[in-house]
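Note sheet for the following structure.
All chains are identified by letter, namely A, B, C, D and E, in their written order; residue positions are counted from 1 within each chain.
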Amino acid sequence: MRIGVFICHCGSNIAGTVDCPSVAATALTYPDVVFSTDTMYACSEPGQDAIIQAVKDKNLDGVVVASCTPRMHEQTFRRAVERAGLNRYMFEMANIREHVSWIGKTKDLNTGKAAELVRMAVEKLRRNRPLMAKRFETTKRVLVIGGGVAGIQAALDCADGGQEVVLVEREQSIGGKMAKLDKTFPTVDCSSCVLGPKMVDIAQHPNITLYTCAEVESVGGYVGNFQVTVRRKATHVDWTKCTGCGLCVEKCPSRKHPDPFNENLCNAPSINIPFPQAIPKKAAINASSCLMLTKGKCGLCAKVCPVKCIDFEQKDELVNVDVGAIVVATGYDLFDWHKYPQYGEGRYKDVITSLQYERLLSASGPTGGHIKRPSDGKEPKNVVFIQCVGSRDKSVNRPYCSGFCCMYTAKQAILTKDHIPDSQSYVFYMDIRSPGKLYDEFVRRAMEEYGAQYVRGRVAMIYPKGDKLVVRGADTLAGTQVEVPADLVVLAVGAESAKGAVQLGEKLRVAPDQYGFFVESHPKLKPVETNTAGVFLAGACQGPKDIPASVGQGSAAASKVLGLLSKAMLESDPAVSRVNPARCVGCGKCIQTCPFGAIKEIQDRFGNPKAEVIDTVCQGCGICTVTCPQGAIQLEHFTDNQILAEVNALCPPKMFANFE
Amino acid sequence: MLKVAYYPGCSGQGTSLEYDTSTRAVCKALDVELMDIPDWSCCGSSPAHTVNHVLSAALSARNLAQVEAMGMTKAATPCPSCLTNLRTASHKMDDPEFKDKVNALLDVPCKNSVDTQSVLQVLAENVDPELIKGKVVKPLTGIKIACYYGCIMNRPPEVMRFDHHENPMAMDNLMALLGAEVVPFPLKVECCGASYGIPRGDIVATLSGKLLDASRDVGADAIVTACPLCQMNLDLRQGQINDALRENFRIPVFYYTQLLGYALGIDRAELGFEKLCVDPRLALGRIKQPQQAM
Amino acid sequence: MPAQDVRELRIVGFLCNWCSYGGADTAGVGRFTQPTDLRIIRVPCSGRIDPLFIVRALMNGADGVLVSGCHPRDCHYAEGNFYARRRLEMLKRFLPITGIDERRFEYTWVSASEGQRWQHVVTEFTRRIHELGPAPSFNPKSDVDWNALAVQASQGQGCPCHGSIQA
Amino acid sequence: MEKFITKENLNRLAAELAATCRVLAPVADCGTVTFRRFQPGMVMDLHSRMAAVSPKAATFPQTETLLVVKREIPEKKPEIIETLPEGKNVVIGCRPCGARGKLIFDPVYETDKIKDPYYLQRRKNTVFISLACDRPETTCFCHSVGSGPADPSGSDVLLTLVGEGYVARSVTPEGEEIMKMALFADAGDKGKEADAKNAKAREMMGEAHDYASAPAKLLARFDDMDFWLAQSAKCISCGACTYMCPTCYCFNITDDDLGLSSQRIRTWDNCMSHTFTLEGSGHNPRSTKAHRLKNRVGHKFSYYPDLHKGVIACCGCGRCIKQCPAGVDIRQIVNAAQEYAE
Amino acid sequence: MSQLDDLKTAIKSRLGDLECVIGWEQGYDPLHATPLFIRSEADLDRLIIGPLAVHNLATYLTGWKGKKVGVVVKGCDSKSVIELLNEKLINRDDVVIFGLCCDGVVSQRKIRAALPADPGFVESVEIGADSLKVTVAGQAATLRLDDVRADKCRVCDTPDALVSDFLIGKAHTPAPAPSLKCQDEFEAKSDAEKFAFWQETMGRCIRCYACRNACPMCVCRDYCIATSRDPLWVSQENLPSENMMFQMIHVSHLAGRCTECGECERACPVDIPLMLLRRYMNKQVRDVFQHEAGKALDQTPPLLTFKVEEERINERGW
C-alpha cells in the first residue's frame, strides 16, 4: 500500500500545542507511509487540492489526515479523496485537535500523542478496503403519520411536490391539538380559521389518501421501499356513504362518555362528529358506550340515518401501503399534572388545564365560548394561571422547557380580559420565555394593556376556602409569600411525548430520547432526519414546538422527502455488516440481536443455514459482529481486524519471547 | 402480638400526658405491645439540630442504640417532633462518615438498624382495620371531624416515608373506620406555628387561627391531631388566638388516640379528656349513642 | 495535576461515535484540559465494542481501558448500549479471577453534550490508573521472572485444585 | 562408558549444567509432570509418571522465531534479523521413546536438497540423557514400533535405575563428554543389575504387534470413508495427540505484523485442525475430522514408512491415547485396518 | 432389572429409527471409558454406565445435525442438551434422549493423586457401590468414590436428566455442597497471586484446543476465531498472554451459556484448572441475570438479550 499522511496545523489551533512537522516526520517511519507532510488548513480549498495532487503525484492509494474531529470533516475529506480517484473509504482521520491540542497543555506530550493517533489511523487504513454502495429503486409514495398541523403541512407539501401521500391519523378527525385551540398567539387570530382551509385541502387533494381512526400496525423494509400496514379501526359507520349530516348525532340517546375533543369537560354522544370543521366530516361510533354495541339494544342512529350507513358489524381493517419515505408527525400530549400533589390532585374541580381552558374560550366549546367554571358554572373573576406545570422540573422528570406555555398563558390572560372585562388574571411564572417574532411584545401587552398580574414564583399549594380556591405561592421578587383567592386556576401544563410514541418508534426503528421524544439525526445539522434512513420527523414528536415551528418542520421534512424521492435510484451506505458464509455456522445469534431486523437466515447450496445481511436495512451498529462468536459477520470499515490493528498500534503485544 | 420499642418523648411526660396515656391504652387494646426504652433521653428536638447536626443526631442515636440493645429493630413514638429527629438521625447516619462522627460521641455505638415510626403509622400499617372495626363499641357516628396532621409528620417524604406528604389520609381513614364523618380539611399539613408560641405569639395566632378558621369553614365539630405541639397551639392557645383575631372559636382539639380510645370503650380516665382546654363535651355529645347494647 | 507529573501510562479508550466521541469533542471545543494518557479508538456504537478488545488491550499491556457510550435509552441504534452494558458488566465482574485489577477497566455513559463530564471521567480515570501504576506484564519480562514462577509451580504452589484430592 | 550416578547427584548434575546450558527436565507441575527449564531449587520428578508432554520442544520448540523485522529509522529500510537458536541444551530424564522422536524428524529436516538450519542447530546442540522404563503403561507399545523400554537410539546417555541411583551408559561421544563430570562414579558391577532390569521391563511388555502389513492395509482403506467415519466418530478433532507426540513434526509459519516491528514465527501445527489444509480459496481437501484422522494415522503407519525405509513414524509412547479427551486409540484404528475383511 | 439393563431395553426400542445412539464403553484400560456409537444390537453389549462414564456426549450432537441420533446423558450433560436446544443449535425432533439418574462420576485427576502408583500401570478395577478397587503396579488400593468424585458432582443439583425421552434409574434428591473449597480458596487469593498463577499455568498450556473441542457449547469449532486470520485475535506464538487470550475468548463466548459440565478441564492434557474461570463467570451470570444455562427450556442466553432497566447492574457513577 502507498499511504499519504497530512498533518493539519489548523492555523494555531493544532500547531500551537503540537509540533506538526515533527509528527509528519515520525509518520514517515510508519509502514506503507510513502508521503507525509504538514499543512496549514487541510480542509481549505488549497489544502484539499494539495491532498488530491499528492495522491496523483505519489500514486497514493490511501490517505490519513490528522486534524479536527471526523465528526466535523470526515465527509469533506472523503469527497476530496474521491475527487482524487480513490475510494472514499480509503481514508482515515486522526483527531489531533479536539482530542489533543485543545485539551493537553504540554507540547511534547501532545506531539507524542498526535503521532500515536496518526499511527493508529495508518494501521487501520492498512486494513481498509474500497467499499461500494449498492443502488436500488424507490417507491414514489410517502406515508405521513399524524394529522396535526405539522403532518398536514408535510402532507400538503409532498402532495404539491407531486408525490402520492398517505396520511394516517389516530383520531377521528385531522387537526390535532391546533384544532382545539381558540386563538393563536401572537396575532390572536382564530385557530380554526387558519387551520380549517388546510384541512379542507387535505380532503380535496388528488394526491392524498387520508385514513383517520387509523394507526400504523407494522413497518417493514427500508428507505425507498417500506412496507407499511395500517390498521383502520372500526367506526361502525360506512364512510363511503356517510354525508356528515349529523342527524344520528342529534338523536343518539347515550351521552355518557367524556368528550375527548373537549378535553373531557363535557360528555359526547356515542355516535359523534367531534367538531363542526372535522375532516373528514363523518360520524363514528364509540364502541365502549354505544348502547347497541354494549347492550344490544337501541340502534336509533341506524333508524334515522338517511343513507343507511350505520354498520354495527364493522371490523377493523388492515391496509397495506408501500411507501418510499415516512414522515412522523405524531405530536405531543399534555403532562399529567396530577403528579403534583400541591395542586390538589384533582380534588378541586376548578383547577383545570390550559387546553381545557382553551375549550372554555372557544365558541365551538362546551360553553359556547362563555367562560364558566366547571364546579358551578359561575363566571370567574379572579383567574390564576400557574406556569411550568410539568416543565423545567426535575422532580417530575421533566427538566425541559415546553417552550410555548409562556406564550399561550399570555394569550389566555388577554382572552380572559376580553371575555370578562372586570376579571383579574394572575400569572405565577418562573421566567418568561418569549424569543419569537412579536412574542415578547405580546407578553408585554398582556401585562401592560390587559393588566395581568405576573408573580415570579412557584405555587406551593392550592386549598379551597369557601367557594374560592386560595393559591399560595412565593413572590420571589418581593421576597414574600402571597395568597391569591381564585375563582378558577388554569395550569399551564407542559408537553410530553405522545402516548404510544415509544411503541411507534420501535416499529419505525426511530429511537426515542429519555422523555419519549424522537431523536433527530443531528441536533443542528439534521433536525428532521432520523437515524433510520427514509424516516423524517416533523413537529412536536421531536420535542415541544409551537405552531410556526411545527409548520416549518413539516415543510422541512417534506422537502427532505421530495429530495429523496426525486432520485431515480438510491445508494445504500456500504459500511454495513457482511457475512463471510465460509465462516458462518448458521447459529442465528446475530439475527436475534439485530435491532433493525437487517439479518435474515438463508440456506447455502448444501442446505446449511447461513446469515445474510440486507444491506439497505443494516444501519451499521456492529452489535452482530460482537455477537458472532466466529467473527463471521463483520461490520465493514469497523472490522475486528481494523479495531484490533488500532489496539495493537497503541499497545504492541510483547513479541520475540520464546519460553519453552 | 406486635412488639415495638416505645419512645414516649418529653411532652408525653407533661403537656401531653393524656396523649401518652391514651396511646398506651389504645395500643394495649389493639394488641400492640409498647416496650419502654430503658433510660431513654432527649431526642434532640427542637433546638439541638439548629445548633449542631452531629450533636443533635448523637442525642437521637443514643436512644436508637438503646433500642438496639433491647434487640429490637422497630421503634415507635407518638410525637412527630421526636419522630423527625430520630428518623433524620437515622437518615443522616446512612452516610458512614457521618455515622462515625456520631458514634465517636457515644459510649455504645449505634448500628443504625432501627426503623422508627409514628404510633399512627404502626396502627395504620400493622393493625388490620377489620380488627379495629370489630373492637369498636362506641362508634363515633354523628361527629364531624377535621384531621390535622401538622407539617412534619409526613415531611420531608424521603425521610419520613409515611403516607402522602401533601394529602395524608391515615388519620382520616382511621376516624372514618370508627364511624366519624371526616370532613375534607384542606390545611391538614399546614404549620400551626409550632414553638413560636413562646417568642412570637402573633405568628401562632395567625397560623393556628387560619387552621381553626378552615376547620370551621368545613363544618368540623372537632379537630383531631397527632402532635403534642399542634394540639397545644390549637387547644391551649385557642383563647389567645380568639383575643388576637377577635374571633370566637370553640373547637375542641383531640388527640386521635383519645377518640380511638373512646370508640374502643376504654376507660375515660386513661383518655384524659379532662385535660383538654376547650371543653369537648359539646362535640362528644354529637356522637349518637348506640341504639342498644348488644 | 499530579497525573502529569509522572510518565504517561497507556490508557485505551473505546468511544461510540455518536455520544461519547462527541462528548470528547465537546470537551475539546470547550478547552477542558485533560491528562494526555488516553488514546481514543472510535467505534460506531458501544454495541460494537467486543469485551475481547478490552481483554486484548489488557493482555497487550494496557494500563487502563475506558469504555464510554450513549446513556441507556439514548443509543443511536436504539439498543446497542443495552447489549454493551451486559457484556461490559460481565467482563468487569470477571476480571478479578484473572488477577487483573478490575479497576483498570471502567465503562460509563457520556453524551455528546457532556463535555465537562467527559473531562471529569478522563481526569478521574487517569488519576485512578496512575494510582494503580503500570500494569504487570502477563508474559514474564525476563527468564528470571519466568523461572521464579516455574520454581513456584514445581513446588505445587498456587493451584488450589491439586493440593489434595478433596475439592 | 558405563558409570553410576546417585539420585542426589543427578539433581546436582542438572543444577550444574543449568549454569551453562538450557536444561529441560521433568518436574511436577500442579499434579501433572511437564518438561520445564530446570533451575537450581527445582526437584526433578523422574519416576512418578512419564511427562505429559514429550521432550520434542528441546529440538523443535512450539514457537521458533525465524526472523525479526524492525522499522525504526526514517530512511525506512526495515532491518531484518535472522534469529538462529543459540546455546546448548540438555534434556535430562526423558524416556527412550521421547528421545527417539527426533529420529523421525531427521530424514525430513535434513535431506540432500533441504536442510533446516533451525532444527539442525538445535539437534546438534542438544544432549538427551534418557531414563530407561522399568514397567510399561497400558498405553505403551514402543516394542511394536521397533524399539523397547531401554532403547538407546536417539539418546546420548541412557540411565537405568538401580537402587538409589542410576547406571549411566554413554551412547554418543557427546554423552561420554558429560559423563566425564565428577558427579558420575564408577559403576562397579551394577551394570549387570541394570541389564537384568531392562530385560525384565522388556518381558513385561509381552509380545510385539506386527505392523508390517499396516502400510498396505491402510492405503487399501484410503477411499473407504465409511471406515474412517466410524473410526473417527468419537474424535473431537483437537490437537492434543499431535502436540503431545514426540514424532509429529508439522509446522506452520506466520508473520505477526505489527507495523513497526514484525516477526516470522514457526509454530507446531496440527493435522487434526480444520485450518491445517484450509486453502486460500476457502476450499478444504480435508474438510471433516474423518479425513483428518485418516491422514494422521495413515501418515504415521503408511505414507511415512513408504517414504523412509519402512520406519513407522511413531515411537509408541502412548501419549496420544492417554491424553486423548475422547479415548481415541491409534492402535485400535491400525488394527482395524489390518484386520479389515474386504 | 438394573439401570444398565433398563437403558439397553430403552435403546433397543428406538435403535431402528436412529443413525446411532451415543453411549460409553470401556476404553484402553479398565480405568477409562470411551464414547461408544451404537449402531447395532451387537454394539449394545459393550455399553457401560457408571462412575467411569465421564464424557459429556452432548458434545457430539451438533456434529450429527440433520441426522436422527440417540444420546445417553447424565443430569449434567442434559443441561448441555437443553442449552443447545435453547440456542436452536440442535433440533429436538432429531434427538432421542436417554436420560440417566446419575450417582456421580470420578475425576481421573483425583484417582491419579489417590493411587499408590501411576494409573498408567492399572491392572484391574472393581466398581463397588461406594468404592473403586484398583490394582495398580501390583498394589491393590480401595478408593472411596466420595473421595475421587469429580468436582462438578460435589456441587451437582441436577443428578437426574432434566430433559429426556426415557428417564432411567431412581430419581435423586440432590444435596449439593454450597461451594467448592478449591474455588473459594482460589478466589480468596490476592490479585497478584491469581495473576502469577495464570501466568505460570498459561505457560504450561500448549494450546491444543482440547478444552474448546471437548466443550459441548463451543459450536464454532473449525471456525473458532482463535485460529483464524480474519479476524486475527490471537497470535500463533505460544506465549502465556496468547494462551490466556484464548481462554478469555472461551469464557467470554460461554458467558451465560456454560453449563459447567467440566469437559474443558477434564480434556486438558496438562491439567490446567480451567473450571476456576468458568465457575467464576457462571457465578457472575447468576448474580446479575439470575440465569443458569441449561436449567430450563426456552431460556435466552442473557447476553443475547437485555432489559431497559437492569435491576442488578449499577450504573457507574462518575
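In this text, contacts are C-beta pairs under 8 Å (C-beta built on N, C-alpha and C of every residue); 3 or more make two chains touch, one makes a residue touch a chain.
What you see is a predicted model, and the numbers here were worked out from it, not measured in a lab.
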**OP:** Point out which chain occupies the most central position, where each centre is the mean of Cα atoms.
**Re:** C
Subject >> More contacts between chains, A-D or A-C >> reply: A-C
Original post:
Distance from the CA centroid of chain D to that of chain E, rounded to the nearest Å?
Top reply: 30
Original post:
Where the CA atoms of chain A average out and where those of chain B average out, how many Å apart are those spots?
Top reply: 52
Original post:
Can you give the whole-Å distance between the Cα centres of chain C and chain D?
Top reply: 42
Original post:
Which whole number of Å gives the spacing of the CA centres of chain B and chain E?
Top reply: 64
**OP:** Check each residue of chain A and list the ones that touch at least two other chains.
**Re:** 593, 627, 640, 644, 648, 652-655, 657, 659-660
**OP:** Give me the residues of chain C that touch two or more other chains.
**Re:** 56, 59-60, 73, 79, 83, 87, 139-140, 146, 150, 153, 158-159, 161-162
**OP:** Could you tell me which residues belong to chain B and also touch two or more other chains?
**Re:** none
**OP:** Could you please specify the touching residues of chain A with respect to chain B in the complex?
**Re:** 341-342, 345, 347, 461, 463-466
Subject >> Residues on chain C engaged by chain E in the complex (per definition of touch) >> reply: 51-52, 55-56, 59-60, 72-73, 79, 82-83, 85-87, 89-91, 93-94, 96-101, 106-109, 117, 120-121, 124, 136, 138-140, 146, 149-150, 152-153, 158-167
Subject >> Residues on chain A engaged by chain D in the complex (per definition of touch) >> reply: 25, 28-31, 119, 122-123, 126, 582, 648-649, 652-653, 655-656, 658-660
Subject >> Complex contacts: residues of chain D adjacent to chain A >> reply: 24, 37, 57-58, 61-65, 68, 71-74, 76, 83, 256-261, 263, 282
Original post:
Tell me, which parts of chain A touch chain C in their complex?
Top reply: 69-72, 95, 97-100, 102-106, 109-110, 112-113, 116-117, 120, 505-506, 509, 511-514, 519, 531, 593, 595-596, 619-623, 625-627, 635, 638, 640, 643-644, 646-648, 650-654, 657, 659
